[in-house]
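To keep things simple, chains are lettered A, B, C, D and E as they appear, and every chain counts its residues starting from 1.
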Amino acid sequence: MSHEPQPTEAKVWTPADPVLQVRNLHKSYQDQHVLRGVEFDIHQGQVKAVLGPSGSGKSTMLRLMALLEPANDGEILLRGQRLGVRQRGTTTVPLPERELAKERRDIGMVFQKFNLFPHLSACRNVMLGLTSVQNIPAKEAEERAMAMLERVGLSHRAGHYPSELSGGQQQRVAIARALVMNPSVLLFDEPTSALDPELVGEVLDVMEGLANDGMTMIVVTHEVRFARRVADQVTLFDSGVIVEQASPDEFFDNPQHQRTRKFLSHVH
Amino acid sequence: MSHEPQPTEAKVWTPADPVLQVRNLHKSYQDQHVLRGVEFDIHQGQVKAVLGPSGSGKSTMLRLMALLEPANDGEILLRGQRLGVRQRGTTTVPLPERELAKERRDIGMVFQKFNLFPHLSACRNVMLGLTSVQNIPAKEAEERAMAMLERVGLSHRAGHYPSELSGGQQQRVAIARALVMNPSVLLFDEPTSALDPELVGEVLDVMEGLANDGMTMIVVTHEVRFARRVADQVTLFDSGVIVEQASPDEFFDNPQHQRTRKFLSHVH
Amino acid sequence: SAAASPSSEGKAPAAAEAPKGLTTAGKLTLCIDPEYAPLEYYANGSSGTIIGFDADAARALAKHWGLEAKFEVTTFDGLMPGLQTRRCDAIFGGLYMSEARLAVADAAPVMSAGPSILAGPALAGQFKQPLDLCGRSVAAQSASSNAARINTLKDECKAAGKDEPKLTEYPKTAETVLAVMNGKSEALIETNVAASYMAAQNEGKLAVAPGVFETDTTFGVFTRKNDPISPVLAEALKALHKDGTLAQIAKDNKLDPAIVDVH
Amino acid sequence: MEFDIGIFVQQLVNPSYLYGAFLSVAVAVLALVLATAVGFAVALGRTSQSRIAQGAAGFYTWFFRAIPALLVLLIIWNALPQLFPVLRQEWFSPFIAAFIGLGIVEAAFMAEIIRSALLSIDEGQNLAGRALGMSPAKVMVKVVLPQAIRIALPPTGNEFIGLVKFSSLASVISLQELLTTAQVGVNITFRYAEYYAAAIIYYLIIVSLLTLLQNYVEKKFLWTSRSKPKKPSTLEPIGQGVHA
Amino acid sequence: MEFDIGIFVQQLVNPSYLYGAFLSVAVAVLALVLATAVGFAVALGRTSQSRIAQGAAGFYTWFFRAIPALLVLLIIWNALPQLFPVLRQEWFSPFIAAFIGLGIVEAAFMAEIIRSALLSIDEGQNLAGRALGMSPAKVMVKVVLPQAIRIALPPTGNEFIGLVKFSSLASVISLQELLTTAQVGVNITFRYAEYYAAAIIYYLIIVSLLTLLQNYVEKKFLWTSRSKPKKPSTLEPIGQGVHA
């Protein structure tokens, strides 16, 4: 850790501090200002549900947190350490792609469309990060992958290819693939909205299990019942800013903002 | 009308009789028996909501009713007239494709993925049936198409192409396209399940308007609130047969069958 | 320079009886591949009238019968099929009368010819006899009798205890010239009449090595096998030779008149 | 032998090159028209229910995919007239034989392009058309074909450019198109560099013009109410094609 | 002149045809390997951020799409050795010049095939790979390429069949492959029907074998745990290709 005093990490991080902090995050595409100063914290073991209308920037925020795209401004701190940049003298410069790749291992991501690798079996999908990023020998990687598939209830499908799995099964494999890397935070981008209604449950069940096991999670979702039951905190996102942030009961039963009430009347 | 007494149309049809009757409908694909004796009636101006798990044969039933595929067995009667076949002596033979095309005009269909013609503007999508099937002059067809677009609230988008419309707008154009042919029955196959949650409302609103205007409609949907508010009758479909058929209140609040209760616990 | 044949300026002999069954009535149609100077080629390189010894001789032949000459332009590959499909009555194309060809078509001799060796001016002087080519790389037009001659030379070299010549075959004569000028091959073998023309066109770069090979083969005018035209045409060519027409045409095309003495 | 700019320029403005280029393009256009018509029939055959139609169409594509176009040209020009005396007449010129021969071979490739374009149209389009009461033929003409054309356009454009270069094969049946014009000149004058350079210039111009035309036509098929295209246009369209 | 079955059969078993066929296939294989390597670089250039790389790659495809392969072969064989004396040596055989020349031209087409295959891979694949912490190169090798290969396989197979027929162009630089073998025979004997028929048989056999090979390889890329293929296999794969 740097001994130079730095603006946002003035004090040493302790486990009581938020594991992930987002400060004043901004992102623009061409002339479109998509994120306009997003700020929040999440503590170890917390589950945060993010709601918001289409186009409000939810996916963009997750991509930035997963270091898949650079922010235009603002900071993301993991255990007090700023991600995606390094200090050079008094200026911060973006990390080169190789260094970014290393930091990404600590943050897992699950996508709306699963994004499984179609040319690899379920087991090999889960193994790939271990063998090609962590350089773990194939045999050990396979054992760990199988254990993770067991955890999402799919060890009997390990040899099947994504095209042979239902949507719900694919998403569970995708969760196992992210989980096996042992990330500090797991990000979910509408993990069930590409699924048939009957398949949603099996994925939400797996996610609820993770939450109970103490995984730190940020979940963009439209599943109100899930948010109410599993989340520690629910957030409404609109036009690139956080409008409301509250406990599930507060959020759904006693929203403070007009915008939240309007949104809930659509989705609820 | 034939003077020979025929098994299923023994009596002359009167407006008090069901406008559409489905009798003992069977359909198999290869070794899969998808529809296994579907039976129901629908009266003029009624709205029937069809629920059921994925793969239960809902879409197949609609395709058969729209005469897009032949049934293996059973009958579909429109105003007492059997569709899709003609009597030759004592045997019934399937109609040739040209005759089928004529009968299809009387039954409109709205698809889950809209299936608008991407190479035609919204207005021309609606016009095509008039000009190329009913041989109506372009000028008159355009007027009627514009009136229909007005009805679904899209006359200001008439010149736009499908790729330039939102999903909700596309589905409304698709409804106008079916409606302009002046069908006796309108079939909907999960008309909102390909839409973003925020766009569902505008399509359901249009459909509710149609129902209020007295359109006879069969709607396969997962939108429980819509089914409850708009439908006259709700049907649960499972494994190719109708399991339960009741008024919305009966269906949702007091289902008779175990299968219905199980299904509702998932979707509700 | 379409030569006026002597028969056109001197006393015109009464036209001999024209053969029957011509492709086009009143015309003598000839398949020709006008890419072979100085026997047949376009006046302007790639366009214009077809000129050269063969072209002039064909015109004289037609005139002999009181007909008009008509050229059916074909590639080399298309000459024989053109004859077979009756697109033309005969081929005037600088074709050797080889045994294999005589098995499928008739031919009447029109000029004597033989292989000649072309090389850079310095090297050309060193070639005096066929065995001087042993161990050398030689370019030839593919499927030509000249290429076949190099193949027989291989055995002769071996018998003489020397290295075989290395033969490379190209589809067109122009590419054989290029091969020598680029140093891909040391020499090229080409029919004597065409060889002189090539040397003239590429003066300073290519020279003929004179007298390496005997002039022991014959160019013929080909007709369909056992076609009634065949004997008539042979007679006519004899007549044109006898009255000096062919010799004059050779002279007009800057060829040695002696080459038409094939009867 | 040095590059003689004078000869090069003289060839560049030589009308016989222009005429050769015209022949190349004309043969290519007619061959493509023929290939599209035959290819459409073959494509329908391959997607048809009838076993016989499938077999015949399959044989056609197999056979003409395997045979070099050069051989087909030689056969059409040299062998067919022996069987059909009508082909010995004056009208059966190298030009006609060339476009028919190239068209017949190209049809095997166009059939595959058209087939995969037809197959790529979503089945829902067919359903929607039939649900409106359109006859199968109407659905094909009004709904499927306009969309299939858009998909078939880029590869067809590439095939067309291929055909232009390909027409040089017709020199074997004595059609003196662009490349042959240069080759004949070379055979007499031995001025390789100048003659071939002139031909290259012509090819570059022709293909560039055709590519611009292709981009223009493709833009017509973007199906937007705005006039500005969605994709940036480049000189080279996506997809592969013939080359010669 | 009648068709002489004896001569036909004699040609069919003539080892020089077999050798010519071998040369055709060998030139095609090496040209395709070269074209894939160069084409991959050009495809990366065209999708790169750098203006210069884009321009250079764009120029390459434009130029070699326009120029007939015949001219490229003539230039490589005749002009390049004048500039680079090393090419005047013995090792620079017609065979080597042929596969380099055809490979360079074909690279322009392979570049487009590879580019569109790379572009067709869903961006989500890239995201998922990077989210796991893979470096861009790893993502390319482990995630994108295996999927792009599957998409590029059918058109590449077609290009390969085209190259086999195409290798006959190399007769212009004195490579005597299959078609040239037949042509030479025809010019010596004038027996065109028998010789060309023998060549046709060879082409049909070669292309049929290659098509079977292509189907076999494509089945390997179906990515199912079952061994049975999902799609019915046919002799002709979808997509277009070169033809000669």
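The rule is simple: a residue touches a chain if its C-beta (ideal position, glycine included) is under 8 Å from a C-beta of that chain, and two chains touch if they have at least 3 such contacts.
Since the structure is predicted, the reported quantities are computational estimates derived from the model, not experimental observations.
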Any chain in contact with chain A as well as chain E: none
Centroid comparison with chain A (C-alpha atoms), farthest chain: C
For chain B paired with chain C, centre-to-centre distance based on mean C-alpha positions, whole Å: 82
Approximate Å spacing (C-alpha centroids) for the pair chain B, chain E: 52
Whole-Å gap separating chain C and chain D, where each centre is the average of the chain's CA atoms: 38
Residues of chain A touching at least two other chains: none
For chain E, residues that touch 2 or more chains besides their own: 74, 78, 192
Junction residues of chain C, two or more chains touched: 77, 81, 84, 172, 178
Touching chain combinations (by label order): A-B, A-E, B-D, C-D, C-E, D-E
Interfacial residue positions of chain A with respect to chain B in the complex: 53-54, 196-199, 201, 222, 266-267
Chain E-touching residues of chain A, taken from the complex the two chains share: 63, 66, 68, 97-98, 101-102, 104-105, 107-109, 111, 113, 115-119, 121, 128-129, 132-133, 159-161, 163-164, 174, 177-178, 181
Complex contacts: residues of chain C adjacent to chain D: 34-37, 41-42, 45-47, 73-75, 77-78, 81-82, 84-87, 172-174, 177-178, 181, 198, 201-202, 205
Residues of chain D touching chain B in the complex: 122, 124-125, 127-136, 138, 142-143, 146-147, 150, 221, 223-226
Chain C residues within the chain E interface of the complex: 76-77, 80-81, 84, 98, 100-101, 103-105, 139, 142-144, 148, 168-172, 175, 178-179, 182-184, 225
